[in-house]
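Next come two complexes built around subunit A: one with subunit B, the other with subunit C.
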Partner chain A sequence: MHRPAGKRFPWHLVVFLAPAVVVYTLFMVYPLLDSLRLSFFTSGPGNERIFAGIQNYVTLFTNEDWSWHFWNAFKNNLIFFAVHMLVQNPIGLLLASLLAARVRGHAVYRTLLFMPTVLSVVIIGFIWQLILNPLWGVSETILELVNLGGLYRPWLGRSSSALITVSLISVWQFVGIPMILFYTALIGIPHELIEAARVDGASGWAIFWRVKFPLILPTVGIVAILTFVGNFNAFDLIYTMKGALAGPDFSTDIMGTFFYRSFFGQQLQLGNPTMGATVAAMMFLIILVGVLLYMVFWQRRITTYEV
Partner chain B sequence: MASVAKARRPEEAWHYHLNRRLRALSAHVVLLAYVVIALFPIILILMNSFKGRQAIFGEPFALPLGETFDLIGYETVFARASFQTYFLNSIIVTGASLLLVLIAGSMASYALAEYDFPGNPLLGLYLAIGIMIPIRLGTVGILELMVNLSLVNKLLSLILVYIAQGLPLTIFILTEFMRQVPQEMKDAARIDGASEYRIYLLVLPLIRPALGAIGIFTMIPIWNDLWFPLVLAPSSRTATITLGVQQFLGQFVSDWNAVLAALTLAMVPILIFYIIFSRQMIRSITAGAIK
Partner chain C sequence: MRKHWLLTLILVLALLLVACGGDTEEPAEVEDTGETGEVAEEEAVEEEAEEMEEVTLVIESWRNDDLPIWQDVIIPAFEEQYPNINVEFQPAAPAEYNGVLNTKLEGGTAGDLITCRPFDASLELYQQGYLASLNDLPGLDNFSDVAKSAWRTDDGSTVFCVPMASVIHGFIYNQAIFDELGLEEPETQDEFMALLETIANESDYVPLAMGTADQWEAATMGFQNIGPNYWQGEAGREALLAGEQAFTDQAYIDTWQALAAWAPYLPEGYEAVKYADSQSLFTLGQAAIYPAGSWEIQLFESQADFDMGAFPPPLPEAGDTCYISDHTDIAMGMNAGTEHPEAARTFLEWMTTQEFAEMYTNQLPGFFTLSNHSIEVENELAQEFLSWRETCEETIRNSYQILSRGEPNLENDLWRVSAAVINGNMTPEQAAEEVQSGLDSWYEPQQ
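Moving on, here comes the complex of A and B:
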């Protein structure tokens, strides 16, 4: 750190900081706070804003039309998150540990495995919609190849399986992110530690769970919180595959699509910006609670381990 | 690892090597299987986009060779959709946002890393909040703001939002890199009478790898975003490639040739870009994650 001599006003500081601070404040912080503020207002007949206190929140939680959708989207979003935690992150860890063992061609594998992650969710959504489409029938053909043709169902079209199906498609696309993060953490482990355990006669399995895994616990926490924030902010995939109505029967509705519908409306219902702001405020709260829980419980535990 | 094997008795070493071979083999089996899972859907779409309707349904797994080869899908796409406009819009929006994120972000992180002014840590924290809070939650406020500024359906609205979205992580990571630039170099330049702006320009080339990496990392979500084009600039004149493809696919959903061709056209540029820059990109995530 350096403080230039002289007592003139440090104009260069203003020049360096102003562009970023101004754009960030004006187009991110201010709209976020403004959205929170708007959640305490309603629109009058001439579209003017009328202060309404917590009325929007009362409506959201007590009016059947709203509360059912809110809890439905929240529940679905939890399932969406659970599928990512139980499928995406373990597969990511498995692939990362195989790559970190430096098998021949690991760089090529790494590049290929990460490929779906860089594509737009819109493209991915449509690709899977085609592949699972009974009209085309490719997924049924593939299942028949392994003698499981009888298992095929139009998974996306049934309310019992649509949510799990879109969750798994999202897992398929984003498994590259935990893979790369775990991979980075694993190759960062000092070689001597692993060598020492091996000399002591520990098996590969034991080395992984007793030596490597405890050392990458901070990354496990980071992956979990990134998954949480990403999942509770997701929208594109459901909107692309199932539209704003997140059918069938709202069975794939998550917070992002619910937010979009309340803000912009849907076929029969007009959009309601202040209710949209209220839903966004609830999403903000959910994400904030998640981040705080992570910081209080996970990060603190990790630091005490390190001491 | 080899040294350990040598230190053991011969038969143990032999076991050790066999074990290693088997483990490497099973690793390849799992990795290859997952590569198939990851790439098969993409390849299937690419392949079938070059076929006629009959072949798409009749032989979906066959290569588009000889009789089955057909460009009808591409003809429909080029005749019915203004993909050139969408591409141009995406390039303008992504390019401008990226450039401005890097300029404003590097300037701010230089100031945060270099000067000890009151409120420095607090400002750093303020700028970092945006890493965890998705900008999407401020959409209601952003739309009102853009309406007031008459920027709706203008590419500039997207550029401004994407700069704000990209800045927090860029500043967070670049500040770390700026701190690693040797102090002596900057002090020497100061003694030579260089202005603070001049020193910033001297430092910039030193963190070029970080700039490149963070640039790629910032770029992909902007290029792929559906939400803000949908909300802020949905007109056909301002649609980006992601939104344009989404709308085109919605309209032509029953024209399989056109759908497959449009998907391929939307995928190929980003895949080529990725293959060229994959090493640097993965390194950028790696560098960010080690922090």
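Moving on, here comes the complex of A and C:
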């Protein structure tokens, strides 16, 4: 308080920041730290917590029962992420550029394409299971209409195709998000730039890749990191469609379902909160590393053009 | 500056007020959820007035399907005899029950009577002091040791829940299809396979309505259903517990082999067929046989418009003793922290009577009382299941007692490999190997 006049502590800032900081700390920071703390403990008899150092992490990576599940979930999660990066985001970009070209009825398309994103995951899972259902699903009938009935397989039930199938369903659901982000970036590009390029004789293809794409690169980065964080936190769609055991044979198990099974248990498997917290800590770490890599290698190098 | 200070002060005061407000509300909330407002206030007089006072007991349960039966039949019958005790049935969704119950018990807001899952889930509640011991409850001697085995400590010294009901595995079939094709109930595995072949060849019906998408059916309706005939029921189960048998023994491999043989007779694309799909397939009359648990009876009776019959799991060889899975599934215990232990015990004691056994088994066909009272079941299909108790030896699912305590979890493993065996992704030998190595890694008698 005894500061020279004019350099008083800005108390009003504290007051304005307080509500957000308090709520955020109470509901985000504290639980996160407490969960990290929990991962260094183990349960004794009568549910008491005993400090165990990094024993849980050692178990997770050296005990075959745990490490197999961890690496399996991690691998599946990478595939899940790869499908989103290779399918969802390019399609999102394609749709966005079509919409930005102001085709007739683009507002209707925009709404329709974005709709699955706001639907409940439970509904999405239910609808797609019905569509792909080998007993009453329409997918086989549709394939038969174009004489491709022989191509039908119970994709969701086979360990070879289940993960790709759920990934594509998730892509279908969330394609609206990259689309909207790319779309807003694309319509933000000043017309002068595009007109100038056109006057110089550039084709539509060249204009897109030489003018528009470099200008929306920051958005590409944001979409990539949002996809990464979303995918490594994903859980609900797989839980809805395949249950906590993420069958068949753990072929659709990702970090989220692995965490759920460890923490809350499954049928006769009792929950193990401390190991669950350890898995959660690893998820946090993976996402943290991903975000840091993005910050260092992308965010800092990217030039944001003043458009 | 003064103004800022004032603002901060006001904010802090406001926060404090909110915090205190929360505090003062709490007792009121407890009164509400306990539904015992009057009693709490008059705690001093409670003891002498116990006989006179009206108390309300709350039952925690996961059987939300049974709500009407509890409300309209069971509870009124009890309240008629004990007018001073009101009972309220408050079920939660089955998948959420364990979590909800634990939270309520920790918070001290759980009901007086608690529906018990079999084995470890309830044992843990007892060990944490949430369930009261019922050793001195009169009427418990109406239950056999096998019936009580799911709700007592490992050494058998303390029982903490009153066994309510078991479910029996078998096969339910569509009588109309059997009549149409002139089929008869099979007794042996060979007859069973021949029967499936006949249905597949001579009709468009799906011979066996089951899928592997949810995995648990493969283990529960498949492996645990037909298995007891191979591992000789309790003898095999106890040998596993004692470490004298292993999943790599012939009996278990044979079970998985028999299961793998089902694959050609399951609906097309069975790998992606879920539980509700196969239920519908059967009740719509498109499938001939349904590998079942007796809990299906109620739903099937209400949805299918054809007659149904049932046969026990087929025997490996003609003339063998038959074994059925008569699985201890549901029981009722007392919250150790209840405010009305006397009333709760009265209710539990009533649950051991012939009257309750008869009412429960008849109202919920497919859930069979575990008591020794001899009772008549009106539902024919349920009576058929129940009649196997006379002719066959009973056992329970072999993964439930003790063996699913470790990591990897045996029950989860059985789900996974049984589905994989039917899907053709694993041979019976590989399945046996994987399950056994999992058990070897933590269960001492098996090491």
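Basically, the second predicted complex is superposed on the first by the 282 of 307 C-alpha atoms of A that agree within 3 Å, B and C clash if a C-alpha of one lies under 4 Å from a C-alpha of the other, contacts with A are read in each partner's own complex, and residues count from 1 in each chain.
Please note the rule applied: a residue touches a chain if its C-beta (ideal position, glycine included) is under 8 Å from a C-beta of that chain, and two chains touch if they have at least 3 such contacts.
Since we're looking at a predicted model, the values are computed, not measured.
Look at A:Phe250: by the touch rule set out above, it reaches subunit C but stays clear of subunit B. Shared-chain residue A:Trp209: touches no atom of subunit B or subunit C.
Shared-chain residue A:Thr219: touches subunit B; no touch with subunit C. By the document's definition of touching, of the two partners only subunit C reaches A:Gly157; subunit B does not. Applying the stated contact rule after C-alpha superposition, one finds that A:Trp71 touches neither subunit B nor subunit C. When the two complexes are overlaid on their common chain A, residue A:Phe297 makes contact with neither subunit B nor subunit C.
Between subunit B and subunit C, more residues of subunit A are touched by B.
Of the two partner chains placed by the overlay, only subunit C lies in contact with A:Arg8; subunit B stays clear of it. Using the contact criterion defined above for the overlaid structures, shared-chain residue A:Gln269 touches subunit C, although it does not reach subunit B. Comparing the two complexes, residues 12, 15, 136, 264 of subunit A contact subunit B in one case and subunit C in the other.
Residues 1, 4, 23-24, 27-28, 30-31, 34-35, 37-39, 41-42, 44-45, 56-57, 60-61, 103-105, 107-108, 110-112, 114-117, 123, 126-127, 129-130, 132-145, 160-161, 163-165, 167-168, 171, 183, 186-187, 190, 195-197, 200, 220, 223-224, 226-227, 231, 242, 245-246, 249, 256, 259-260, 263, 266-267, 270-271, 274-275, 278-279, 281-282, 285-286, 289-290 of subunit B touch subunit A in their complex.
Here subunit C touches subunit A in the complex through residues 1, 4-5, 7-8, 11, 98-99, 119-121, 124, 127-128, 211-216, 267-274, 277, 281, 399-400, 404-405, 407-412, 415-416, 419-420, 423, 425-426, 438, 441, going by the rule given at the top. On the subunit A side of its complex with subunit B, the touching residues are 1-4, 10, 12-13, 15-17, 19-21, 23-24, 26-35, 38, 91, 94-95, 98-99, 101, 103-104, 107, 109-116, 118-123, 126-128, 130-131, 136-138, 141, 172, 175, 180-181, 183-185, 188, 195, 198-199, 204, 219, 222, 229, 233, 235-236, 239-240, 256, 259, 263-264, 273-274, 276-277, 280-281, 283-284, 287-288, 291.
By the touch rule above, subunit A contacts subunit C in their complex via residues 8, 11-12, 14-15, 18, 46-47, 64-66, 129, 132-136, 152-159, 242-243, 245, 247-250, 264-270, 272.
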